[in-house]
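Take a look at the following structure, please.
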Amino acid sequence: MKKELKIGMIGAGRIGKLHGDNLAHSVSDARLVSVADVYLNDDMRAWAKGLGVEKVSADPGDIINDKDVDAVFICSSTDSHAELILQAARAGKHIFCEKPIHTDPAIIKEALAEVEKAGVKFQVGFVRRFDHNHKKVRDVVASGRLGRPHIVKVTSRDPEPQPMEYVATSGGIFLDMTIHDFDMVRYLSGSEVTEVCAFGGILIDPEIEQFEDVDTAIVMLKFENGAVGVIENSRAARYGYDQRTEVHCDKGCVQVSNDRIDNSMISTVEGVFCEKPTWFFLERYNNAFIAEAQAFTDAVLTGTETPVTGIDGLMPVYIAKAAERSLKEGRIVKLDEVMK
Amino acid sequence: MKKELKIGMIGAGRIGKLHGDNLAHSVSDARLVSVADVYLNDDMRAWAKGLGVEKVSADPGDIINDKDVDAVFICSSTDSHAELILQAARAGKHIFCEKPIHTDPAIIKEALAEVEKAGVKFQVGFVRRFDHNHKKVRDVVASGRLGRPHIVKVTSRDPEPQPMEYVATSGGIFLDMTIHDFDMVRYLSGSEVTEVCAFGGILIDPEIEQFEDVDTAIVMLKFENGAVGVIENSRAARYGYDQRTEVHCDKGCVQVSNDRIDNSMISTVEGVFCEKPTWFFLERYNNAFIAEAQAFTDAVLTGTETPVTGIDGLMPVYIAKAAERSLKEGRIVKLDEVMK
Amino acid sequence: MKKELKIGMIGAGRIGKLHGDNLAHSVSDARLVSVADVYLNDDMRAWAKGLGVEKVSADPGDIINDKDVDAVFICSSTDSHAELILQAARAGKHIFCEKPIHTDPAIIKEALAEVEKAGVKFQVGFVRRFDHNHKKVRDVVASGRLGRPHIVKVTSRDPEPQPMEYVATSGGIFLDMTIHDFDMVRYLSGSEVTEVCAFGGILIDPEIEQFEDVDTAIVMLKFENGAVGVIENSRAARYGYDQRTEVHCDKGCVQVSNDRIDNSMISTVEGVFCEKPTWFFLERYNNAFIAEAQAFTDAVLTGTETPVTGIDGLMPVYIAKAAERSLKEGRIVKLDEVMK
Amino acid sequence: MKKELKIGMIGAGRIGKLHGDNLAHSVSDARLVSVADVYLNDDMRAWAKGLGVEKVSADPGDIINDKDVDAVFICSSTDSHAELILQAARAGKHIFCEKPIHTDPAIIKEALAEVEKAGVKFQVGFVRRFDHNHKKVRDVVASGRLGRPHIVKVTSRDPEPQPMEYVATSGGIFLDMTIHDFDMVRYLSGSEVTEVCAFGGILIDPEIEQFEDVDTAIVMLKFENGAVGVIENSRAARYGYDQRTEVHCDKGCVQVSNDRIDNSMISTVEGVFCEKPTWFFLERYNNAFIAEAQAFTDAVLTGTETPVTGIDGLMPVYIAKAAERSLKEGRIVKLDEVMK
């Protein structure tokens, strides 16, 4: 086992910096050695310097061709992921790639084929799998102590609607937001989705109609193992980030509610007041981001399988495509249809 | 306003006795004056006597033709409801009828037409509307303080599967069990259902397949007001009666969880142990049964509208029919289709 | 075993009516046959008639001398309890007596001696022992599954301060309010109190000073079995009736919180709002009142020990006396001092 | 304002390393520049190197005399605190000192006099003040929105008993463990303690008797502002670190419960199972340790008052002394007695 994993960060925007800070401070046996961003600016330079990173570049190729780099974190814009995976794989670098790999399953498959050919480790950034709460649901289900899963439920609501400029290029609610939940139901059920049916509505801001998108959605799912499931989304919870999961099984149910800002209870003649859930993913999944980077580092250093593989990056995109079609055509869609 | 409502009970099985006890002991201004059951037995006689009811008969006609009776509680078997409604309405009796009125919408409509013609009060036994928890959700939504509803959710799981003999004549999960939830979503959303899609599974006992029924189901719904909803059912929660409702609106979310046997918390090195939800509907909706009988009594005595009307008895049957068709045909079904 | 217990009610004020209603409607094998109140009025007559009670009198002697009466419920003013116990015991009636038996331990002992001599059943109205929550704490401790008790905690706050006229004759906070908590700590710990120390304050209404009383108090206790405990009282919680108990033991802790009006949770940008605890003892201990009357009825009919005996009526008064002395003299007081 | 605070760490044991890690990774504008420990070993050297700290020494004087050091963190053994404070203050270093400053109030006062003379910043390590939960209680009370405090409650139980060797030199439960709670009641009430009374017991391990110590204790307190309070301690909760606080005020109550390992709820026929509180102070107060170091750093750099001052280090020791005397002499003790 190697003693330390030397990592190059490609993309130093919000999510790249978050991963970079974690790699520098909170992930054991990882060392951030270089940073590249095609839009490199002074702020990124200062940030890298603060972390003690000496190699900074505007060219991702400087990382991919650096023999001193063992692994790359691909945190650039979604449309650049697939190409960078191809290059990194060919260069023999292990790869951590933010989600989604791409919005086109064909391109994802091509990238994954290259990864396989190169024999490098690959992990997709479905960070919720590393949340202590959702992981507990999964662990209880996977342990078999409650028997087989019957019903899988995910509630997933963002605190505030995204700006319309964001929506315009987001790829739609299913690829942008529900993609995490599609991963979650696979993770929690331990089974593949076979059919979906989606109902959606424009209830928050009518502006979204121009993008043929919705802001509120419910997706019903069937799984290979016979279980059924439902995901429910809103772009505007208003009270914070609402992220609850639940699996009902033969012998009972396991569920998790939200982490709160604090667990105070203020009782007055007007009622009992508690704090809201934590505001958004940076607060809620703070520790999960550290855990996923640690898991990747450990998998590479010990030569074991990463916990979120290429197929885990591909399948949610197929489910999103099926949900899109269901919503558009007003019918139940089998996964087979979109996987052909 | 009349000072007291004199009530005749038709059907003295489990639910009839429950209502009879409440009328005798816990409902103000109500007086149980007679009991009839076509299967009248010594046990029923003893029960009636214990309540001080002197008129006991094996013929419902004895109640319907009794000038001393102001109102009837129809608690006999489902297939007798419609005929008894017709007779009671023609006799000018106010009517409380257990759910469902019938499994055939056409017959329900006929009965309701007679009720309207007679100008008598009519209330259907959707008891959950009177539960302090669900009622709170409804009241918050109806108050408008959270704005318009976006997402309506109902979790409804029975503690243990019913025996197969019960299932054989139950009319199927949607008419037998989900019917309450179909009422609940109308009540909570304040809107009519326009489309449904149902996914189901046989996950508890394969025996149920012979009845072309399922034991696990998810039903997705669209409402006239633009909201979407989901109902999720299991015939076997195992841990008690799981009855949760939730409505997410413009400005936030209102939800209720289960009442528990007690609110103890036992903390040891092995974990924190709490009590289960109350076991089944008799425990959970104990006070709601009293409240619904009180509401009926008050509505008749004050000449006001009953809180659960004939249309409230009819619409859930249509929704159940649509859900059945959806499950059978594997497609989204519009309510219009089944209402023609 | 006798089939039915015929009960005479002495005192038809608020608490007498509550017990009377329960005996008439909700307690199996009990029958309320007569009511007496020295301040008998039309309202009481109407109430008794409504329950089907024919014998109504202004003279408790009419009940005590009635051969048709098996047991009496003494619900008159506290100062009359002891004398009525003496008379009822001599007449061979079983006795349920509201708390406290008296404020003078010597008089209580005299009454209990007569009860013992007569060999009648005797139960004191410490209703909280029959609450499903507190009873659970007791049952867990008594089961031994958590080992020996270490720390016993009682939080007990009334919703609103009583009027000053009430305080004037209440006997002080310890005899009026904490008396229930003194019973509770004996019940929960399964052990006798040996020492107390009380701190008090006038924090709600300075008017109370004229009665040498306090409105806020903490009483620390030692128990024979080595455990320590604390009771904490306020006359004004403002948010309802706050009644929590907790016992920490060798292997962990069992605790109960309050029942709430409903278990709704309303989440908005301003926070999460829940309902308050139930308002006061009539709401909170509604079912416990039924259970205690049932327990008394069962004990008499089956010839078994009542669950709250004479000594249970006496000891809390001693503890209250010790707490009073502690507060007045600013020192720890041993129970032995006041029991001499 | 200076841009960065250069800090020397004196003492590199468990708590020193914890602070060192935080200063290196999680505290803005702080830089750990040197480490000294009189028991310096290879492990400490490796740890310091890992953090990029170049100056490592076995002599605290090397830090105190280093002109490059702005502030010291005193994390050595308790008996060395006072002397190091004197030296650091005379050298003009700002001081963060772990609790308690010393077990002898006279020595504490001498050290604080030197701090004042030197005009350096001084902060004591009462970390719980920086916990998001307890801080919320304090903030609500301090805001005045609930009116004046009436009752202050602290539950504080360690998960497992300390080894007897630890107990032998701990200074006793009040100086070792309750000291945090004495700080907490001052913090929460915003008032000084005037009287205490302590009850204790040996309920966990009789071995402790040889040290004239107890393992279970309740301390009742009076405050200058009229409020009363109670602290309850156990050396062995068994289920984790139980740290709850509550303040009841004129208009209601604010309380906080424990953070849990996760917020899962597993419901089966056997009951509902939840996770335990986090195990001990490293888990529970992880973020609070960062926040306190940040607060110290900010106070020095901005020239403002530190949030936990010298008097905050002194008063809890007086209260502990009073509690000791109360327990030993079996009486209420006024703070005045021990402060003379």
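In this document, chain identifiers A, B, C and D correspond to the written order of the chains, with residue numbering beginning at 1 in each.
We take it that a residue touches a chain if its C-beta (ideal position, glycine included) is under 8 Å from a C-beta of that chain, and two chains touch if they have at least 3 such contacts.
Only a predicted model underlies this, so the values are computations on that prediction, with no experimental measurement involved.
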Chain pair, C-D or A-D, that carries the greater number of C-beta contacts: C-D
Candidate from B-C, C-D or B-D with the same interface as A-B, over half of contact pairs in common: C-D
Farthest chain relative to chain D (centres taken as mean CA coordinates): B
Chain A-chain C separation of Cα centroids, rounded to whole Å: 57
Between chain D and chain C, distance of the C-alpha-averaged centres to the nearest whole Å: 42
Gap in Å, rounded to a whole number, between the CA centres of chain D and chain A: 39
Multi-chain contact sites of chain C, meaning residues that touch two or more partners: 237-239, 242, 251-253, 265, 267-269, 275
In the complex with chain B, residue positions of chain C that touch it: 25-26, 52, 132-133, 136-137, 140, 146, 251-259, 261-269, 275
Residues of chain B defined as touching chain A within the complex: 148, 150-151, 153, 157, 195, 197, 199-204, 216-218, 220-222, 226-230, 232, 234, 237-239, 242, 248, 250-253, 330-332
Touching residues on chain D, where the partner in the complex is chain B: 237-240, 242, 260, 265, 267-269, 271-277
